[in-house]
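Okay, so subunit A shows up in both of these, paired with subunit B first and subunit C after.
Right after this comes the complex of A and B.
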C-alpha cells in the first residue's frame, strides 16, 4: 500500500487551523499592534512606538504582579502536582487495594469536584468562608479558638496564603485524575517484582511510579504552569488583586487597564509581555521533555 | 448560480422584514437592583409606555453598574446598543463615552420636550460633558433620572438606649462615636473591600475642602491639591485606632456592612440613599433615621444615573417618549413613594415619609450648592486606586502620606493627559 503524502493530511488540520488563526493568531497580532499605540478602546489608535514598553519597565505594580505569578506557580503547579502524585499513588496502591475500587473512585471524584464547580460560585463560597464575619472565624470562635481568627482576605499578610490554599484545592483534582489514569497504564508486574526484591513502598513510588508517570508529569507541569501564569478568574472573584495589590497578577492589571482606565494600548503591552514569558517557559518545558525522551 | 441568487434574494427579504420589525422594538437597560425605588418606578413607567405604544415590543435588560463602568464604552461602540440606557454619570464613564462621540446630543430634544424646564440647570449640569469628557459644560448627553446622596443612617433605638442625641457638629459627632466605642460597640459599620469606606473617607475630605477645591478637583483643572485627602486619610486611620470603624472592614463588602446595620450590631452606616428602600422593608426590629454627615455643607451626592441615548440607537423617539414618562410628576412621585429620591416631586405630595424626607434633603443639598459628587469621578480608573488605598489605610498597611502620594500621582498623570 502506498503511504499517504503528508500534504493529504493538511485537509484534516484545516478546520482547527481556521479556528486557531481566527481566535488565537489574528487577535494576538492585533494585540501586539495595539501595544504600540495609545488607544481608549474607541476612536483611532495613536502610534506611540515603544512608550508603553518603557512605562511597563518602570511600572512596579506589574513587576509585583509577575512576582505573584511565581507564587501562583507554586500553588497551582508545584504543590498540586506533588500532592496529586502522592495522593494518586496512595489511592491507587493503598485505598483501592484495601477498601476497594469504589472507595478510591469516590475520593477521586471528591478531589475532582472543585474542577467542575463554576469558579464564580466557588469564589463566592470561599469569600463567605474567609469573611471576617464568615464561617471560618465563626467556627473558630465557637471552639474557643478566638486567637486564630483572622481578617483572612482583608489582611495582606494572610490574603495571599488564602488565595494559594484555594488554588491548591482547585487544582489538586486535575493532576490527581491524570496521574491515576497514568497509573492504570503501569504494568503491575513491575511492582510485584520490586516487592519480591524487598523494595519498600517509598522505593516503589520513587523508582516505578514517578519514573513511569514522567509523560503525565510533564503534561501536568506544563499545563498548570501556563494556567498559573495566566490566572485571572479565581483572583478576581476572591480579592480583585487586593488588599492594596497584595494578590494582584498581570492578567488582572491588563484587565484593569483594558476596561477601567481605558488605556487599551498599555493593557495590550502587559498581555504581550505575559504571553512572551509564557511561551518562553513552555519552550523550556518542551525542550526538557524532548531531551528526556 | 441560480441557487446563489435565490439565497441572496431570500437573505435580503429576511433582512428587510427584520428591519421593518425593528421599528416596533424598544430596547431599554438600567442597572438598578431589582426592587429598589428606581426599579419600581421605572417598571411602572414601562407599563405606561406599553399602554401608550401597544404596537411596540419592549425589551428590557437589567445590567450591573460594574458592567457598564468596565465595558460600557465597548457596548456603546458596538452595533448591539439599546435605544436607551441608564449610565453611570461622571467624567470616567459618561464623559468618556460622550467625548468618544458615542452619545446623542440631547439639547434640542430636551428643549423641545420641556426637560430643561422640568429640571434646573444645577441638576442638568451633571449631564453635560465637553469635548474632553469633563462634566459641567458642553452638550447635554445625559438626563438625570433621580437623585442620591450619602448620609448617615442611624439606629434610633440604640441612640436612645445610650442616651445619645443626633450630633449637629463634627466635634459632637466624634463624641457620639466615642461614646459608642467606650461601650464596646463599633459605631460605624463600613466595608473597605468595596465602595462604602471610600464614602466615609470622602466625607472627611469634604470636611476640609470648599467649592473652589471641588470644582478644580472634578474639572481636572490643575495638579491635585492633596491637602483635604491627607487630612481625611489621617482622620480615617485615627478613627480606626479609636475603634470608630473596624479594621476587619477591609475584608467586608457593602452587603456585609448593610447586614451589620440591619442586625443592630452597629448603630450607624455612612452610605448612599440607594439603601433606603431596603432598610424600609428589611428593618423591623428597630426604628431608623438619617442625618447628613455633621459639619459638612458639601456631601457626596449627585443626580443619580443618567439616561443616555446611544448614537447608534435605532428608535430614538421611543427613548425620548420613555424619558418623558420618567420625568413626569406622577412617575417622580412613584420614585419617592418607593423610598427613593425624586428630582421633581414636591415633598408634601409624597406618601412615603422616607421618600419625602430624602427628596427634601436632596433638594436642600442642591439649593445650598452642596453637590460634592464622588471622588472616583474625575477620570477612568480612579475608583480602583482610591478604593485600594482607602482599604490599605483602614488596614493600617500604608501611611496617609504614601496613600495620598499614590492618589496624587495617578490624578496628576490623568490631569496632564487631559490637557
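Right after this comes the complex of A and C.
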C-alpha cells in the first residue's frame, strides 16, 4: 500500500486549526492591537502607542488587583494542592484500606461536588451563609459567640478571607480527584517496600507519594495557578471586587473598563498584561517539569 | 539471622479461606523455597511472614518471638519483590541506603554499608544511576542490595526471577545461591518454577490449594513424592501416571489398564495391592527402550518426538493414557510408530487411585 504524503495529514487538523485561529488567535491579536488604542467599543479606535501601558504602570488599583491575584494563587493553587495531596493520600491509604473503596469514593465525590455546582449557585449559597443575617452569624449567636458575628463580605478586613475560603472549597475537589487517580497508578509494592524499610505513613507520603505524583503536581499547579491569575466569576458573584476594592482582581478591573467605563483599549491592556504573566508562568512550569524529567 | 516457625497458619479473605493451616519450621540460616502453581497461597504465606498481610489464625514466630500482630517494619525482615519495587526517583545508592536513612544512621555508616553491598553485588559502578538506567539483572541485584544493607533477620524473595529472560535467570540463580552461602542468611523464597526450587533450596515446601503438600529436601521430594500432585509438579517432564488394576499371581504381576492394555511388573511391592486399582508413577528418565517380553515392559504408540539435543522426549499413548520417556539416544521414529519400553528396576511409585496419596515404596 502506498504511504500517504505527510502534507495530506494537514487536512485532518484543518477543522481544529480553523477553530483555534478563529476563537483564540484572532481575538488574541485583536486584543493586543486594542491595547495600543483609545477606543470606546464603537467607532474607529485611535492609536495611542504605549499610553495605556504607561497608565497601567501608575494605576494603583491594577497593582492592588495583581497583589490580590497572588492571594488567590495561595487560595486556589497552593492551599488546595497541599490539602488535596494530603487528603488524597489519606483517602487512598487509610480510608480505602480500612473502610473500603466505596467509602473513599463517597468522600472523593463529596469533595468534588463544588466543581460541578454552577458558580452562580455556589456564589449565592455562600452569599447567604456569609450574609449579616446568614447561617454563619446565626450559628455564632446561637453558640453565644455574638462578638464574632459581623458582615463578613461587607467588611474589608474579612471579605478577602471569606472569598479565599470559598476558593479553597471550590478548588479542593479538582486537585483531590487528580491526585487520587495518580495514586492509583503507583505500584503498591513501592509502599510495601518502604514499609519494610521502616518508613512511617508520613515518611512514605514524603518520600514516595510526593515524588510519584510529580506529573500530577505540575498539572494541578499550572492549571490552578492560571485559574487564580484569571479568576473572575466567583469574585464577581460574591463581592464584585468590593468592599472598597478589597477583593478586586485584574479580570474584574478589565471587565469594569470594558463594560462600565467603556475604556476598551485600557481594558485590553490589562488583559494583555494578564496574558503575558500567565504565559510567563506557564513557561516557568514547563521548564521546571522538563528539567525534573 | 533467625529461625522462622509457622504453626497452623490460616488466612481468610472474608469467608473465603486461602490458607488452611500451614506448618513449616525454618531453621536459622536455611534456604527454604515455597513452590506451587498460581493461586496455591505461596505468595500470601510470604506476605504474612513479611507483615504485609494480616494473619487470620495460627502462630508466626521469628526466633522465639510471636510476631502475628507486629507491624512489618518492626519484624526486621527484608523483601525482594517480583517487580523489584525500586524507588524510581532515587539513585541506586539512595535506594540501597533508604532503610538506613530512615533509621537515622550516620551518613558515613550508610555510605560504608552501601559500598560493601555494592562490592559484593558488582554494583559499585552503578551507584549513581537511577533504576530506569539499569538492565533487568542489575535492578534485581539492586533489590537484593537494598535487602542486604539492612542485615535483616530474614530475607524474603517473591518470585524475583520471573521478569528475567531464561539465560539471566540461570545466572541469577547461581548468584543468589552463592549469596546465601556467603551470608549464611535465612531465606524464604517463593517461585512457581520447580527448577528454581530444585536447584536452589535447602528444603522445598510444595504448596497447592492453600495446603503444604510436602516439605523436604529437593531430591527427597523428587525421589519420593507424597502424592500425585507433587509427583507431577516436581520434575520436568512430569512423572507419568498410569492408573489400572493390579493382577498378582505366582509371584508375578501386571497392571491392567481400562482398555485392556497391560504392563508387566517385577516389583515385590505390588503383592500388597493385588486386586486393587492404583496409580502407577514412573519418571520419564526411568523408561528405557527394550526387547519385547522384558520385565516391566509395555508397548506404546508414539504421538510426538521432541529432541532437545542432549536428550529426546518421546510422548506416547499406552492404555489410553499419555506417557513420556526421556531417552539419551537420538531416536529416529515417527508419530504412529510403536516402541517397546521397560521401567527401570526399583523405580516404580504407587499412589492411591482415589486419594492420590503415596502407597509405596
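Following the convention adopted for this analysis, the second predicted complex is superposed on the first by the 281 of 293 C-alpha atoms of A that agree within 3 Å, B and C clash if a C-alpha of one lies under 4 Å from a C-alpha of the other, contacts with A are read in each partner's own complex, and residues count from 1 in each chain.
Everything that follows uses one rule, which is that contacts are C-beta pairs under 8 Å (C-beta built on N, C-alpha and C of every residue); 3 or more make two chains touch, one makes a residue touch a chain.
Quick caveat, the model's predicted, so the values are computed rather than measured.
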{"item": "Clash or fit (per the criteria above) of subunit B with subunit C on subunit A", "value": "fit"}
{"item": "Touching partner for A:133 - first (subunit B), second (subunit C), both, neither", "value": "first"}
{"item": "Greater residue coverage of subunit A in the superposed arrangement, subunit B or subunit C", "value": "B"}
{"item": "Touching partner for A:168 - first (subunit B), second (subunit C), both, neither", "value": "neither"}
{"item": "First, second, both or neither for A:219, with subunit B first and subunit C second", "value": "neither"}
{"item": "Touching partner for A:244 - first (subunit B), second (subunit C), both, neither", "value": "first"}
{"item": "Where the C-alpha centre of subunit A sits as vertex, the angle toward subunit B and subunit C in the overlay (nearest 10 degrees)", "value": "150"}
{"item": "First (subunit B), second (subunit C), both or neither touched by A:262", "value": "first"}
{"item": "Touched partner set for A:203, first subunit B, second subunit C, both or neither", "value": "second"}
{"item": "Partner chain(s) touched by A:154 [first = subunit B, second = subunit C, both, neither]", "value": "first"}
{"item": "Overlay on shared chain A, then closest C-alpha pair between subunit B and subunit C (Å)", "value": "51"}
{"item": "Doubly contacted subunit A residues - partners subunit C and subunit B", "value": "none"}
{"item": "Complex contact set, residues of subunit A against subunit B", "value": "40-43, 130-133, 151-156, 242-245, 256-257, 259-263"}
{"item": "Contact set on subunit B toward subunit A in their complex", "value": "69-71, 73-74, 76-77, 96, 100-102, 192-193, 246-252, 256, 260, 380-381, 383-384, 388-389, 391-392, 395, 397-398"}
{"item": "Touching residues on subunit C, where the partner in the complex is subunit A", "value": "50-52, 72-73, 77-79, 81-83, 85, 87-89, 98-99, 102-103, 146, 150"}
{"item": "Subunit A residues within the subunit C interface of the complex", "value": "187, 189-190, 192-199, 203, 207-208, 211-212, 214"}
